[in-house]
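In this document, chain identifiers A, B, C and D correspond to the written order of the chains, with residue numbering beginning at 1 in each.
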Amino acid sequence: MELTTVKIGTVSVLDAAGRIDSVTAKSLEEKLLALIKEAPPALVVDFAKVDYISSAGLRALLVAAKQSKAAKCKFALCSLKAQVREVFDISGFGTIIAIHPDRASALAAAA
Amino acid sequence: MELTTVKIGTVSVLDAAGRIDSVTAKSLEEKLLALIKEAPPALVVDFAKVDYISSAGLRALLVAAKQSKAAKCKFALCSLKAQVREVFDISGFGTIIAIHPDRASALAAAA
Amino acid sequence: MAADLVLSLKNDPAEIARLAPLVDAFCARHGLAEATAAQFNLVLDEAITNIISYAYEDAGEHEISVRISLTRGALTAELVDDGREFDPLQVTPPDLAAPLAERSVGGLGVHLMRRLMDDISYRREGARNHLVLAKRIA
Amino acid sequence: MAADLVLSLKNDPAEIARLAPLVDAFCARHGLAEATAAQFNLVLDEAITNIISYAYEDAGEHEISVRISLTRGALTAELVDDGREFDPLQVTPPDLAAPLAERSVGGLGVHLMRRLMDDISYRREGARNHLVLAKRIA
């Protein structure tokens, strides 16, 4: 897994790539919590290059989503590949985390 | 395994291709015995396209070599790939069957 | 001819990413869809991660064996471990309707296994757990 | 992670040509030379052909199981069949110095197995023959 952060206006965007599994989920969680600490108005995680996510990755995102809510930071995901999207759907994440089809719509919603 | 016969002058040449194993050796043996029956002065089996031979194939060649001797037909092989050659060497066939490096030398020796 | 993939993994989470390409190759050779291989890999990940995380009472090295086969219209994996007795079928499903604040951060692994497989069976044999995960192939 | 190839073949000579590409792929994945795979395939062919030709007293379907593994510096195959008890190590080697007329047309299969493998062991277990063929890997 690789993580790259960019600022687009005031919004923090985290580009994730590769596998998010029990080996890599902890780094994702740490990165997300560190970004939330900076108190941006919104945080978008771009999944365009993520090939794989397991429940360990879902756990990291759920922890970040809860923390974002407490910090009043809008938390959203975008650009999920079909096989990754399926894992979110089966896990009932659609009702608790905003998931956008692409980066543009995620940024529009974050504004 | 595929077999193709050509006459070069009076010499019969059998081009073999593919795998010579317990499934295909019987057809090779039948073909060789049929060719020997035609009583050519020499019979060359070209192994250029043979990828594989097992002891079932060696048995067919030995039967043909014995029959050739009885029929006074010169029997020879040519153009063996390295991994096929190794099987002949380990089986001590070099002392009982003429093996030529290429088709030209096999035909020259048959003349 | 039936061809099975038999693997022996150590209780190290890094083993799971090494297993994935072998499962992909096994599925490709049998003409199964990539999506099937991906779902199967996820379920194997969840089951093996749980064994590594929860099954052992010591910190030593353990072997987890995995046998993957394609028989009678199903892609099947049998996992055998020597950890504590544990039947994942007894785990209470998570509440997927709870709002964010009340959503538990765990319990999704077994849920994914159940949702992505068509049949899961568990048995304890001697000092070993045997978990059989099966997915029907159309 | 150790990955074994476990196959279940029927007593049909056509199975052998189906086995070969799997063995090639197994060897390639472990970085073994193509020549090693070719020699190993030949030995498997000889052993399996003999089982199919000589081991069974009936004409029914039988299963031959093959487990290929790479462990402790050796490529190993264990063949298990339910045919008559037969130890190939007891076969008298052919006379490779005999002239053509006296050369026997048989007996080369076991000879090739012995020459191409570094270690062969046989045991009878219950109603089954277990033949272990091993080739050292440099």
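Criterion: contacts are C-beta pairs under 8 Å (C-beta built on N, C-alpha and C of every residue); 3 or more make two chains touch, one makes a residue touch a chain.
Source: prediction; values computed, not measured.
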Distance in touch steps, counted as few as possible, from chain A out to chain C:
1
Report the chain whose mean Cα position is at the greatest distance from that of chain A.
B
Between the Cα centroids of chain C and chain D the separation in whole angstrom comes to 33
Whole-angstrom distance, CA centroid of chain A to CA centroid of chain D, is 54
Using mean C-alpha positions as chain centres, tell me how far chain B is from chain D in Å, no decimals.
26
Pull out every residue in chain D that's touching 2 or more other chains.
none
For the chain C and chain A complex, residues of the former touching the latter
13-14, 16-17, 20, 35, 38-39, 41-42, 45-46, 49, 52-53, 94, 96-97, 99-101, 103, 105-106, 108-109, 111-112, 115-116
Residues of chain A that touch chain C when the two form their complex
19, 21-23, 52, 54-56, 58-59, 62-63, 65-66, 69, 82-83, 86-87, 90-92, 95-97
Report the residues of chain D in contact with chain C in the complex, numbered from low to high.
1-10, 15, 18-19, 22, 25, 67
